[in-house]
Amino acid sequence: MTKVPVEFTLNTREQNEFVETGSTLLSALRDRLGLYGTKAGCHQGTCGACTVIIDGEPHLSCLTLAERCQGKDVTTLEGLAPAGALHPLQQAFMDGFAAQCGFCTPGMILAAKCLLDRNPDPTRDEVVDAISGNICRCTGYEPIIAAILTAAQGMRKPARKRA
Amino acid sequence: MSVTLSAAKQARLVPAVQAKGGRIIAGGTLIVADLNYGADSVALITLDRLGFDKIAVKGGKVTLGAMVTMAAVARDRRLKFLHPVANSIGGPAVRAMATIGGNLFAPAPYGDMTAALLTLDAEITLHDGKATRKLPIETFLAQRRKLQKHCVVSISFAAPSAGTFHYVKVVRRKPVSASVVTIAAVIPQKAGKIKDARIALGAMAANAIRARKAEAALEGRKLGNDIIATAAKLIAAEASPADDAYATAWYRREIAPVHFVRLLAA
Amino acid sequence: MTRKRGRGMAAVNYPTGMNLGGDPSQALIHATTTGSFVVTLSSVDLGQGLKTVMAQICAETLGVPTDNVIIDTADTDTGPHCMGTFASRGTHRIGNAIIMAAKEARAVMLEVAAEELEVDAGDLVTDGAGAIHVKGSPQKSISIFNVALAAHFKHGKSISGRGIFLQPRSYPEPETGKMTPATCYAHACTVAEVEVDTETGEVAVLSLKSAYEVGRALNPRMVEQQIIGGAWMGISHALYETTEPYYPDRAHGPVDFNQYLMPGPGDLPEFANVVIERPAADGPFGAKGVGEMTANSPIPAIANAIFDAVGVRVDSLPITPEKVLRGIRALNA
Amino acid sequence: MEYRKDYFTGTQTQDLTEVGVTRQRSDVLGHVTGKTQYYADRQFAGLLHLKMVRSPHHHARIKSIDVAKALKVPGVVRILTAKDVPQNIYTILCLIQVEPNDEPVLAFDKVRFKGEQIVAVLAESEAAARDAAAKVKIVYEVLPAVFDVEEALKPGAPLVNEYHGRNYFTYEGHHCRRVRYGDVERAFAKADHVVEEMYQSSPIEHAPTETTGCIVVPDQNDRYTCYSNTQALYFTLDNTALILNSPFQKLRLVGGTVGGGFGGKVDVITEPIAFLAAMLTKRPVKYEYSREEEMQVSSPRAAERIYIKDGLMKDGRITARKVTLYVDAGAYSRHSPYGTTKAAAHMPGPYTIPNVWVDCHCVYTNRTPSSAMRGFGVTIGDFALEVQMDKLARLIGMDPMEFRILNAYRDGDMKAHQKQVEGAALVECVQAAADLARWPLCDRSKTASSLKREV
């Protein structure tokens, strides 16, 4: 196995890694960096459990070659909020009982974050679209959709106050 | 298994790598899935440094670089007519990765953007190692396997006049799944008569195909329920759909006319 | 475009625990020196929330806040035997084992408190907030923190308990099938409303309105999680899922989540749910197992609603658009 | 979610403080922060990856297995075949006296379904294990296969599983699990209507977002720890010890946090071979199903075929129900003999019917063995029963809700398996659902109660 260097930003910190050529970002995050918040559900890009944010957009880390992350800005669930704090989406998923087994939760939250970053006032259909690549087998999606809408509402409130 | 990855510095150098078994990796949604299944050793080549991720719209002519993603199309205000197409492909993560160039090679029941580009009579610019060539998309699709050895540079087409482009993708899971039937159509009218109608079908053959018999039925006629119904009967005449996990060939043939009628009558 | 609506209903029951019993589970409980309680199990949480409900059951029995209970599972070096998490048995079987263990631990805790307060243990009650006091005299009180410290360092007593629950195995009579499959059953009834596209056979589930009798909802939001998730799976079984789309032909078996069809977040109906409680005589605080049942009533309710809408009976699962369309064609032939 | 406290008033304990109230899930903070530790969220130095060579045929004789080329693949550490497994033939429910052992851990003489595991390859990387697995050469003689439950029971059908000697599981001398109560034939003769219908389902996958898998790690003192997402630690531990002829105390299972189960992780497939591999190599071994394996090789919910024949009176009473049910167990028993009995116990549904006849067959075919899934033995039966009930109600022009209430079991009624009904609540569920859906009921149905049968 050949190894190549990759420099990227991971959860706001500079990361320099040697990765095996042809290996995926998913493998780098889990097997090399111990960031287990990114889940492996299918290795085929069909379940969304491995979703991470690259340069502001959701990406499937199982289909992303690690060495192509050179110079990119990668966010995983571990980087969503400062230690000890919760992002409004995390709080809304908790309050809304939107997680059961929890395996899809990291991908769901990151997919939702990409939506809310672009569109702070989404419709239900836009929320549905945002998580359309993420499989959940436990919840029936309804609590997840509700939690994302709740989080969006909560995130808009302070902005309105300022305005 | 060993995988190597290199970034092409010029499009003309790509076919030589391909000739030795190398493969272009665009968004990676198809090829990395294959690698994860355990593909053999392969030299991957990216087009990341070639500036193929540009969208140009000039005088009604649209040029999409091969590396333009579905998400980029879906965000471009100049390409509103293509937004429903781009947004019907995968979830947002797939759209952020999957490219126009890659979609040209997606096997059925994938390849919805290609069906749309087929109705737009797009022209594919590719580099064969010696020179760039331009091929009509239909010719390109007919030789798709062979042309995997060339480097797709861009896809160009004339933006359709307002209201003439129609698109529907029938799915088994909402909002998105692979296609049961995809129908894209450009139905221009001149002096109240249909002129140069183009209809393409996705998931109705190994790759996107034109429905020429249905097109012919529309040609020169006034768009109305009767003529739509007549064309609908011919919509799957040239199709050779497959059975798969989503639907049978029978079902695809049965519902293609229904959705064609709904698409144009709407 | 023709879309026809219909509604249908179905009613079901579901046994709690392994069929025919014979499926024990154990629990061990001990107090830490500072009055937290550790419940040691080898039971598995699949996501239904077993760890949370077990802590609640333990807390209720001990008379302490749920936050004071630590669930230590699942390690076979430390956890006593559990048959496993399946057959809607977890809440019932493990819950009962925990109650038994917690009662034993509570008795020791009250004995120690009685010695400390110099009263009769029979006169003591827990306040549920971390203290023990004499019935009717809240001022005559001792914190569980101090009870636990005293038990360890002064009295040399282990505040602990052992619990097991076993529904004895029933052996069916081979000739007649006489048997005791289960001791309690949960119940459900679902009304489904659907819209059927008569030209494509596609079915949209518009609403699922259900009543569930669960014995006792130990954690209402978590019961609701099972209900919504289960109802979704019911839709999925009714209209989408199979590993063999052309059974018994083995062709075209799905290998990923693109091909394996399940309702997406855009396929959800309106959910409305009512919960009824008829406590089970042998259930922990009356609870029955409900996790599995919640998927069952929506399936036939949807099938019946489709018939109500378009007069087509599809008696094979899943009820795909193709089967519905073929049925409509046959009606019109 | 709304409570209907007006049913069964006075039966609920009132003074509870910790149960009956919503408490936040204790695991949810871990879920939303990605800190919840699933079995695979661990690193071990020297981890080996296990990949299986699987049967490409539905039914075939294995003529030869050649692993020479596979062993030469760089990174391959060891290759296991059936002869490495101490007690290769097992059945998971031997722990509750289900016999006979009928399934090989690794197939050796025959394969009985497509995807059956034959050879385990252990390598330093997943890629190397996969490469080597592709280089194992197995020569097969393809045999005729059977895929239909009723075809499988016909004389002359290909024999799927020699350990049973016939294509069905034997229940104490009977070819099926039976329930006999009253006299259905007499009741059919007297019924106003006799309705017989057939229902069918296809196999269904559990599809947990986390696939089945485990990591086995050699500890100190010749003990082995398995981090697993099994739904039943002791099923796994006990079966593994039996398969490996190992003292039970050598094995330790750690789990308890699972990315969805739904019954799919009750089987014991990945752990025994991973334990064996760790014992033979003295290195940590991971065996995890790919998504494709999870979908096509792991046990699905069985396909069932159900015939229901009912005797019905014009006034709505069901006087007889005869059920013939076939569970498509696939090639091996796994949990299907148990599930088939559960299906028999469930009949004739939550209704009081004086004459009941049930035959539930556990049938072997050359498809992926089926096993437990949410609603095991009941879900498909309920589909058949409740569609049948709808047909019966429509046949006599009776409201389907009122038809359910009329026939619903009440406390004190006798069930077909000769157990008296206790704690019934079907009537009330129907009433509450009717209310919720604004479905009008007649007064008689509104005042009906599970506590007693109205005269």
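The first chain written gets the first letter, and so on, giving A, B, C and D; residue counts start at 1 in each chain.
As a working rule, contacts are C-beta pairs under 8 Å (C-beta built on N, C-alpha and C of every residue); 3 or more make two chains touch, one makes a residue touch a chain.
What you are looking at is a predicted structure, and each value in this text was computed from that prediction instead of being measured.
Among the other chains, B has the CA centre that is most remote from the centre of chain C. Distance from per-chain Cα centroids to the pooled protein Cα centroid is smallest for D. Of all chain pairs, the one linked by the largest number of contacting C-beta pairs is C-D. Between chain A and chain D the centroid-to-centroid distance comes to 34 Å (mean Cα coordinates, whole Å). In whole angstrom, the spacing between the mean C-alpha positions of chain A and chain C is 30. The geometric centre of chain C is 17 Å away from that of chain D, both derived from CA atoms. In chain A, the positions touching at least two other chains are 1, 41-44, 46-47, 97, 100-103, 125, 128-129, 131-132, 135, 137-138. In chain B, the residues that touch at least two other chains are 1, 37, 174-176.
Residue positions of chain C with contacts to 2 or more other chains are 46-47, 49, 221-222, 224, 230, 233, 245, 253-254, 256-258, 260, 262, 264-266. Taken as a graph of touching chains, this assembly is complete, with every chain in contact with every other.
By the touch criterion stated above, chain D contacts chain A in their complex at residues 24-25, 27-38, 40-41, 43, 125, 206-211, 258-260, 262, 290-291.
Here chain C touches chain A in the complex through residues 46-49, 221-222, 224-225, 228-233, 256-258, 262, 264-266, 268, 271, going by the rule given at the top. Chain B meets chain C in the complex at residues 170, 172-178, 243-248, 250-251, 254-255, 258-259, 262. Residues 1-5, 7-8, 11-13, 16-27, 58, 96, 114, 147-148, 171-174, 177-181, 197-205, 207, 230-235, 237, 251-263, 265-266, 291-292, 295-296, 300, 303, 338, 341-342, 344-346, 349-350, 358, 365, 367-368, 372, 374-380, 382-387, 389-391, 400-401, 404, 408, 416-419, 422-426, 428-437, 439, 450 of chain D are the ones that touch chain C when the two sit in their complex. Across the interface of their complex, chain B is touched by residues 1-2, 4, 21-22, 24, 43-45, 48, 51, 54, 57-60, 62-65, 67-68, 111, 114-115, 125, 128-134 of chain A.
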